[in-house]
Each structure stands twice: as C-alpha cells, then as structure tokens.
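I've put the structures underneath this note.
Shared between the two complexes below is subunit A, which pairs with subunit B and subunit C, respectively.
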Partner chain A sequence: MDIKLLEVVNLKVGVNQDNKEIPIVNGISFHLNKGETLGIVGESGCGKSMTSLALMGLLPPGVDWQSGDIILEDMHFKNFKNKDWRSVRGKKISMIFQEPMSSLNPVYTVADQIMEIVLNHENVSKRQARVRALEMLKLVGIPRPEQVLDEYPHQLSGGMRQRIMIAIALACNPEILIADEPTTALDVTIQAQILELMKEIQEKLHMSIVLITHDLGVVAEMCDRVMVMYAGEIVEKAKVVDLFDSPKHPYTQGLLESLPDINKQMEYLSSIPGIVPAPGNMPIGCKFSPRCPFVHDRCSVNPPLFDTPEGTKVKCWLYEEASVKKEAVL
Partner chain B sequence: MLNTDELLRVEDLKKHFPIKGGITGKKTVQHVKAVDGISFDVKRGETFGIVGESGCGKSTAGRAILRMIEPTDGHIYFEGKDLVGLNKTEMRKMRKDIQIIFQDPFASLNPRMRVFDIVEEPLINFGVKDAKERRRRVEEVADQVGLTLAQLKRLPHEFSGGQRQRIGIARALISKPKLIIADEPVSALDVSIQSQVLNLMKDLQKEFGLTYIFISHDLSVVKHFCDRIGVMYLGKMVEITGKEKLYDRPLHPYSQALLSALPSSHPLQKKERIILTGDVPSPVHPPSGCSFHTRCPARMEVCSTIEPLLLEAESDHRVSCLLYQETETRTG
Partner chain C sequence: MFAYIVRRMLHMLLVVFVISLIIFFSIRLTGDPVSVMFSTGEASKEAIEAVRANLGLDKPLPVQYAIFIKGLLTFDFGESFRSGMPVTTLIMERAWATLSLALGGIVVAILIAFPVGILSAVKRGSGVDFFGRIFSLVGISFPNFWLGIMLILVFAVYLQWLPASGFDSFQHLILPSITLGMILSGILARLVRSSMLEVLNQQYISTAKSKGISEWSVIMKHGFRNALLPTVTFLGLQFGSLLGGTVIVEQVFSWPGIGTLIIDAINQRDYPVIQGGVIFLAIIMVVVNLLVDLSYTLIDPRIKTGKEA
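Entry: the complex of A and B
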C-alpha cells in the first residue's frame, strides 16, 4: 500500500520582472510515496532544479515562491519562516547536489561537516556526534573511515566526495532525500558505484528519494515513477516501465528516440527540431507545440493533464479522447 | 610502407607534464604522465573514437596530435608526414588540414567577435586575401551547418548551446580540413540537441569525406557515431577494435567494466554489473606492471610486475592485457 509522504500542490515559482510574474515552475502538482524513488527528468531550463530547491526552501535570491503549497505531514511549507525551514532541512528532507566539490566546505574536515548537522538537530555531545559521523562513513562505504574523518575535501576524489555528501545528507536519518543530478559530474564506473550505494541505503533506511536528472539511463536504473518536465510544467507522469514501454507525450517520445541505443545500430538519430523556449518568452498554448510533430489547432490552448487508460497522466490534447472514453466506462 | 587509405598514424605518443617544486619552484620534481605511449592509426573517411574516463588522457592526446600542446615524445604521421619536428610555420599550414571542435561551446567562442568574424578568421590565417571570396565561403559554410545569414551578424551570447556548437563546427569546416578532432562535442548539450549536432556531423562527413577523431566519455554516443574505437585508461590505450567487436565482446577487463557500468536503457533490463572498486590511480605514480591491476577483477600475480603490450588478440582486435598474452618470453 502506498503511503503519501509529501504533496506538492500547484506550485508556482518564478521571477518578477517589471511587475510581471515570469514563472520558471508553472503550477506543478505531484506527490511522493513512502519508500519510493520518484524521478524528475527534463532538459536544462525545464525547472526541475528549481522544483527541488523549492522543496528545501533554498530558492535563490530574486526567485519567488509565487503560489501553491508543499505539504509534509501536517506542515505547510508555504507559511514557513527561516526558523521552520531549519528544523526541516537535514532532519526531514536532505539534499545532495551535482557538484560535490563546491557543495563541501573546503576549510572544514569531513568530521566537522557531518557533526555540524547532527549537533544542529539532535541533543547529543560532540563525542557522540563524532561516533555518528564515523558510522555514516562506514555506511556509505568509505575505505579507512577513521583517517578520512580528519581529512579535508580536497584530499578526496570525486566519487568519495559524493559519498561524503550522502553521509552528511543522511546523518539525521531524513525521510526524504533529494538528489539533484547526483552522478552527472562523475565517471560511469563511479556513477555505477554511487547509484548502487543509494539503492542499498534506501533499502536499509526506508527513505524516499526524489531523483532529478537529465539522464534517462539513470531513471531506468533507479526510479519507480517518473515525471517529465518541459518548460516549467509536468508533461507526463508515469510508472517507469510504462514510460519506457509506451511514452505518451510527443516530447517524451522525442526524448527517448533521440537517445543513441547501445543495442541498435542506425544511421541517424531522430531529433527534436528547435530549442527549448526561454522563460518569459513562452509560446501561447501548449509550450511544446512549436517543436511538436503532431501540432494541430487545439494546441493554441494549453492542455490539462489527461488520464490515459494505462494510468499515465499526460498533458497533451491527443489523449483527450482516450481519457473521456475511460470516464464513460466508469 | 605508406598505406594509401591511412590518413593518420600515431606512434608511441607521450605527453608528460612537469610538476615544478623544490625551493626555487623551478626544479622539475615529477611528471604527470597524461599520455604515456599510445599508438593507433586512423583511416581516411572513418570515425575513430577515443573513450575513457576523466583524467585518462584522451583530450591531451587529441590536442597533442594538433600540437596545441607539444608532445614529449613519439611520432604523428599525417599523410605520411611526421608532424613532430615541423617548425611553427609548417605546422600552421598543416592545421588547415586538421581542425578541432571543442567541448564547451560557451568558452571556445570569443564573446566579442561576431559569428561572421569567428568563422572567417581561419581563412585570414590561411591566407585567403580576397574579402569577397572569404564572404562567399563563410556564407556557404553557414548554410551547410544550418546557420542563417542574419545569425552571422550576431554575437555568441545570443545563441543556445547547440547553435554555438554549429558555429564551432563551421569554424572548423571552413578551411576544408581532411581530419577533424572532435573533443567531447556534444557532452555539454541536452539530448534532444545532442542528436541534432551528431546528425549534422554525420551529414558533413558524407558530403566532404571527412575523417573524425571523436573523443568522448559517453559510450552510447561513441557506439552510435564511431567505426573503430580505442579505450584509454591512465594514459594508455588498453584496447583498439571495431565497434561491433568492442561492444559485443570486449576483451580488456577495464572495457568490460566500463561497458557494464552503463545504465540500462530499459527498467526491466537487468544487467550483470562489474562494479570496479576504488578510484583511478594518480597519473603521477601509475601502478607498476599493468596500470589497471589495482582495480582489475581478473588480476593475476604477474600483473603487478609485467607491463602488457597492446597486441593483436584476434584479427583487428588489439588488447593490452596479460590474460591474452604469453608472458614467459617477456620476463626480464
């Protein structure tokens, strides 16, 4: 049975320019179940990272929470003050970033950085916190953990640094881990190690993961459910197998087809013509319509998310009929 | 000796970067062996891929071929002529035939030059004096890579990553080169744009009979784009073969691990994975014997003492691993 842990309702995040709201994330809704891995995929600028920063209350200066809410247990993030955020960050929700070097503090030792979060959230002594730090290093599979505790980030390799980031993120046993492109900066052999580690730890600690990535291979490997984002909106929500077996949205289809398949040989890759529109300069109606091979008159109005008989939700007029039929059967 | 369909032959190419130290900071204390003796050949009209993880020396190799960084040792024969030893003027002329496309389309274009000037500059360098002729050539090449005439008047910052890469390709193409070294040309691009650029490069290859050296860390892109592939690890070529052979039956344990580490293309496809332990050792102190032996799942006792050679294990399939080599004759 799926237990809903976190719910995002009509979240809108953006910048204000000349008294005009320019949305970067434009009214998205989704939920996260206990113990599952939810993937958010999309290309640069689709709003996937902004979504994750909103979940942590870490929106950069100039970017505002325009409307909508995020609900975790009985907490409404909409009304949060800095103090409230601090009690959630690291304790309930933790995050790991793409670039492990720039997210670790170069002048503190590994032990200091793990202990900081433990001392912040829990009523423990420094000695106990250090013991916890050592445990965490063992959990994330750091070789010679006793020495590494007193080393600085620059002494470690990229893969090790990402392990340290995971150790910091998990030190207070959070329920949700947000991983923003956790393996993008790493080599494939190290990526395989880190993904393996994340799966292992998830099983051990029963946490939920929100995995943000542009790499569909990583999605296939890790996720239970996937959301595809395009130009600040969710265009498709599906179970991972359904997404790969029968992608619905023309954008998802184009994305999957433009990937070179290692099992097939073809002369040319199919590609999506055109480029991603910039925020503030969005096409009217369906945001994907200027690049879509199936564009027709209806596309001048932005479609809602339709349910398909398979259970996939898709934001495209092509599926309006299928969803109406399903309602009629019910 | 010269094989007519061989365009480039690299022999025992080395690039060792000195590390300065000591009290004055001028003494060379150690060397980073970024490229440590690689040999391969590239045939006319083919795409030769070089894959490997960060720090394996693949980019250094690409740049050393163009002598953008001076090789420490070795030979580079381009159409039978050794590029090492050419003086500056001669080398400059050779670069008309060998061009390069860079990874980062944001850093490799001068932000203060208009696209027209960026693309035109090689022609000025190579002594095309007639401005009208230059204009004609720039417009022609812009059309070939899919840039409009209006876009030629703009500055690089007005373009997206994929379009900038087209500008980079136009600049490389304008001198009508025979060989283009493409150093991670699509790594910085989104997948939907990546396929546009790869298709363009393939079209241009067909139209002009180009030869590519395609340097990448992305195994699925390399499989799609290349004919023959060399796998690099820690400054050495560990395996060279045609792409079918490499992907169907990789011989070197490192290639096997690399291929198995690739994320699967479908959630239900579960892969038998060889997870390598540890990290790539430092190229300052590469391990003795086979440089991969510290991480190799198939390591034998001899691997830490004897260095394997890149030898043919089967026809058109060279591999540098003692599993496939007689070692008795080589001890000592």
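Entry: the complex of A and C
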C-alpha cells in the first residue's frame, strides 16, 4: 500500500574548506511515500533546511553536494545539470518558506507570480494561466479572489501571503511539497488555519509533504512519519504514534520531555543541557554523547541505525541488543 | 495624484524663486559690467552713465530685481548686454546641445554600469567582480577634463576615428558623452552591485528559483527589477552634478551648450545671460526630480503618490 516516491541515499552535503570536507548533512538516507507527510524535527542548526534545499538543488553558494543520491521516479539527482533541476523545481517538487512576509516579490501582482510558474512549466496561454491562478486562489481559500489577483503582496496579511505561496507552489500540481517551518512566523490561529489548509489540499491532490518544524505539536497533528535529526544525522525514524508513545533515542526523549504542553513550541531545550555542536567541530563517535545522560564506553564509536521491534530505526548503542534479538527471531 | 503634482509644482516654483534671488544678488557682487565694456578707459563719464541707464543698471537693486522677476514669469530673461539678442533665444539655441550631452552621459553610464554592477554582484568574489570593482574605483577617480583630453588624443588625434570638437552629428556626441558618463558609471556600478547583492539575498529570490525559471529571469526579472529603485533615486540625485559636469566637458570639446554660454557670460559680466542660463538649468533640475519621483510609482507599487504621502 505504501508506494515509495522519493528516496534519499547516503546524502552528504557540506562545505569544502582547505581541501577538507566539513559535512553539514552527514550521509543521511530516508524515503518518502506517495501521499504521506514526513516530519523532520531537530534543534536549530541540525541541517533540516540544508536537507530540503538539497532536494531542490538550491544549496547556498559555498555549500556543496559531496556524495550520495536522491532518486525520484527514474531520475537520479546526483547527475543533474542546471536544466534538469529546473524541470523538477516547481513541477515535481515545490517549496514554501518560513517567512511569508518576504517570500513574495514586492513588485509583481499575485496573478503575475502564480502565472509565472504555470507559464514556465506548461504550454498554456496567458489567459489560461490567469484562469489557473484564479482557481489556485480559490483552492487556498483566499476571500474575494478576483480582486486579490491584481493586488500586490504589501496589500495582504501574513496568513494571506502564506496561502498565496502555497498557491504558487501547487500551481503545477507537484508530487512533493516541502514546507520549511511554514507557520513559525504566523500567529497561532493563522498557524492552525494554514496547517488545516495543507492537509485538505493534500487529500485533494494526493501529494506528499515534507514538513520541517520545531514544533512537536505540529508533528503530532500533521505527520505520518517523523525523522529526528541531530548534528546533520538522522538519529531516529519512526511512525508518529510510536515516536510519541515510546521515543527511543535519548535525544528524542529529551525533546519530548521539554514539552510539558504539547502545543507549546520550543526552540531550545531546557531538559537537554548543552548545545548542538557546529559543523567542523563535531565530537568523536556518537555526536550526541557529550549531552547524553546514558553515555558509556561504546559511544566513542558512532553507532549505526538499529531496527527496534516496533519498527523504529534509532541511532544509539542502547538498542543494539534489541535489534540483534529481532534478527535472531527472523 | 493631481493634488500631488500641483503641490510639487508650487514647491518647484519656490525653489526657482530662491535660486533667482541667489543668482541675482551674487553676480552683482562680482563687479560692474559697464566698467568691463569700457575697460580701455577712454569713454566719457556721460557716455558710461548713458550706457548704464540704457541697461537698466541705474535703478535701485530691488527695482532691478522686480523687473527681472516680472520677465521671468513670461520666460523673458531680457537681452544680452553684449549682443543685444534676447536671452531666451540664446538659451534655446544651445539647450539641445546641453540636454543631448547630459542624456548621452547618462546613456553611457547606464550602458557601462548596469552590466558591470549586475555581473559583479552575481559573480561575487570572482575575477569578474574584482575587475568590476577596480573599474568602479578607476571610474570614480578620473577627473573628467583629463579623461576628455585623453580621449581626444587617442580617438581624434591618433586614430582619427571621431571628431574632437563641434556639434554637427551623432559622431560628435560620442567622446563628450563618454567623458561625462565615465565618472557617473563608476559610482553607478558600485550602487548597482551593492543593491543587487542586497536584493539577491532576499527570500523572494529563493521563491523565484524554486519555480524552476531560468537563472536570467531570476537575476533580471526578480533581482534587477527590485534593485532599480535605489538606482533611479541615485540617477535623479546625480542629475545636478551631471549638469555641472557638462560645463567642464563643454569647455574641453568646444561644445556649444549652456555651460559655455554661462562661462562666456560670466567673463563679460553679461548679467541677463548668466541669470537666464542658471535659471534654465535650475528649472531642468527640478523638472527631472519631479519625473524621477513620479517614476517611483511605476517602479515600486508600494509607493502610492498623493494618497498617504
């Protein structure tokens, strides 16, 4: 029933400094099923945005794709030239950003900005593109859409702008929507509306969503599966229910403990002392070990991802035996 | 919008009025025009007084100023002390030369500075950027009379590709325009580079890229279009010093423009011509400023003239 849509294999992204590779995203692998929502959580600076930018081929200057591959249908992104990336962006994979106030171009009308992506990917007339723009505004629930078409971003509220960003992103009916903290900058009621809208549209259009967030409440609300990132690595991959019922990795446990109220958003973690190490200044072995309450000898070697009986994958030596047992049963 | 333009017109009138005051009284501090005319010293006292009365210089200063202002209202700047020609005619004969030179200078500056500035920003830190920044620096540091003389030497004297002076054809316009535009292009390229760098960092550039449109569209349609606003502001502000620059360039290339007219008039203390020339330049300045301000509404939809302003 789960159809694999996108697969990321051992992706390594980082900066090259003095002939040394300093990884920011350090060899992560995951996949995305058709129609599902995959959450990516983790503290600031752990490489969530870099991962999503790599999916779009939009790594900032100075940050390179070092190794690994991303596979969508029969396309291997590692071989991509500029032109190949352009045919994927906005057509197969779209992205919406954190800052709705600044993610629309101030000098073009709403219609211009939606029509641009349609005219770029589809062989349609301007009139048809405008009709599509209007449909999209209706889809994302913009009041008086005919007028808003000819308005400029500064005439619209933050929530409206994020709706319009979603309209742009979905105008060419992409298979994947990457949302990098899409509601962080909005106030709480608007946040809920935008998330609700994303869910609704997902059902209508059968697309997959990669949702990056700090907010575990949002994860519980929106996601089917979650991956927890720490210092450029995936430390836990689990179904949402399993993650909240029985978090495995000490880091995940810490994340959940720091949420006395599930709806409270946390950007730093009171229950885990210390901070995320910077790229280029990583501890040897398990990267979480300096902050981990269960640290022991084994942690001087970086653990692989172990399978647990529940089907969670966790990067921690504490689960070595559980995973061995599972293999023995099989 | 209409109310805004009317208000701006009144403002412009005030500016021109203040300039008329300054120019009228300051040139009268430079000395007596009649004594320049009769510098050989052989004329009788009566003859000199007659000339003075004839030119209206015997009246008290406030009366002279009132006459000047009254003429100004009908664009009548009086007659030249020297040639007796109406000043308006003298100015109109030369206005086109000065305006085409100023326009040529701006065109040259834009043709050089836009590509250099944009490329520098896009290829930030590369060899192109280095070259572009050196160019800006060199452009800024050239005195334009020196550049003009060098251009004449190379292109008119040695290569003989272009004429060194005069105002008969398009070819005549090339060297003066380059001379005038060069300095402006240095500063302009810097400004274009820095505003492009700022714009290219904006979130909406990421949005544009994420649509899969070409890099060229991202840079020009989304980037440069937004970098244009500070650039137009700058060009508007620089128009004054550009007109100032024409005075020097006109001298170097024997260009028959307003600048040459004013300088000759100053040497001869030809009051009406000086006044007329300066007022004319001032009017051009304020009109250009108004046009620049109005163009904002076209470039930036966030600016709504007259309503909130």
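Quick notes on this one:
In this text, the second predicted complex is superposed on the first by the 321 of 330 C-alpha atoms of A that agree within 3 Å, B and C clash if a C-alpha of one lies under 4 Å from a C-alpha of the other, contacts with A are read in each partner's own complex, and residues count from 1 in each chain.
Simple rule for what comes next: a residue touches a chain if its C-beta (ideal position, glycine included) is under 8 Å from a C-beta of that chain, and two chains touch if they have at least 3 such contacts.
Every value quoted in this text rests on a predicted model; they were computed, and no experiment measured them.
In the superposed model, A:Leu104 lies in contact with subunit C only, and not with subunit B. Within the superposed three-chain model, A:Asp74 lies out of touch with both subunit B and subunit C [touch as defined at top]. Judged by the number of subunit A residues each one touches, B leads among subunit B and subunit C. Look at A:Asp18: by the touch rule set out above, it reaches neither subunit B nor subunit C. When both complexes are overlaid on chain A, the residue A:Asp297 reaches neither subunit B nor subunit C.
By the touch criterion defined above, A:Ala192 lies against subunit B but remains apart from subunit C after alignment on the C-alpha atoms of chain A. Within the superposed three-chain model, A:Asn82 lies in touch with subunit C and out of touch with subunit B [touch as defined at top]. When both complexes are overlaid on chain A, the residue A:Val218 reaches subunit B alone and has no touch with subunit C. No residue of subunit A lies at the contact with subunit B in one complex and also at the contact with subunit C in the other. Every residue of subunit B that touches subunit A in the complex is listed here, in rising order: 53-54, 160, 162-163, 190-196, 198-199, 202, 217, 219-221, 223-225, 247, 257-258, 260-269, 273, 275-276, 278-280. Interface residues of subunit A facing subunit B in the complex, by the touch rule stated above, are 43-44, 143, 157, 159-160, 187-193, 195-196, 214-218, 220-221, 223, 240-241, 244-245, 254-255, 258-263, 265-273, 275-276. The touching residues of subunit A, counted against subunit C in their complex, run 56, 58, 82, 85-91, 94-95, 97, 99, 102-107, 109, 116-117, 120-121, 152, 154, 165, 168-169. For subunit C in complex with subunit A, the residues that touch the partner chain are 202-204, 206-215, 222, 225-226, 299-302.
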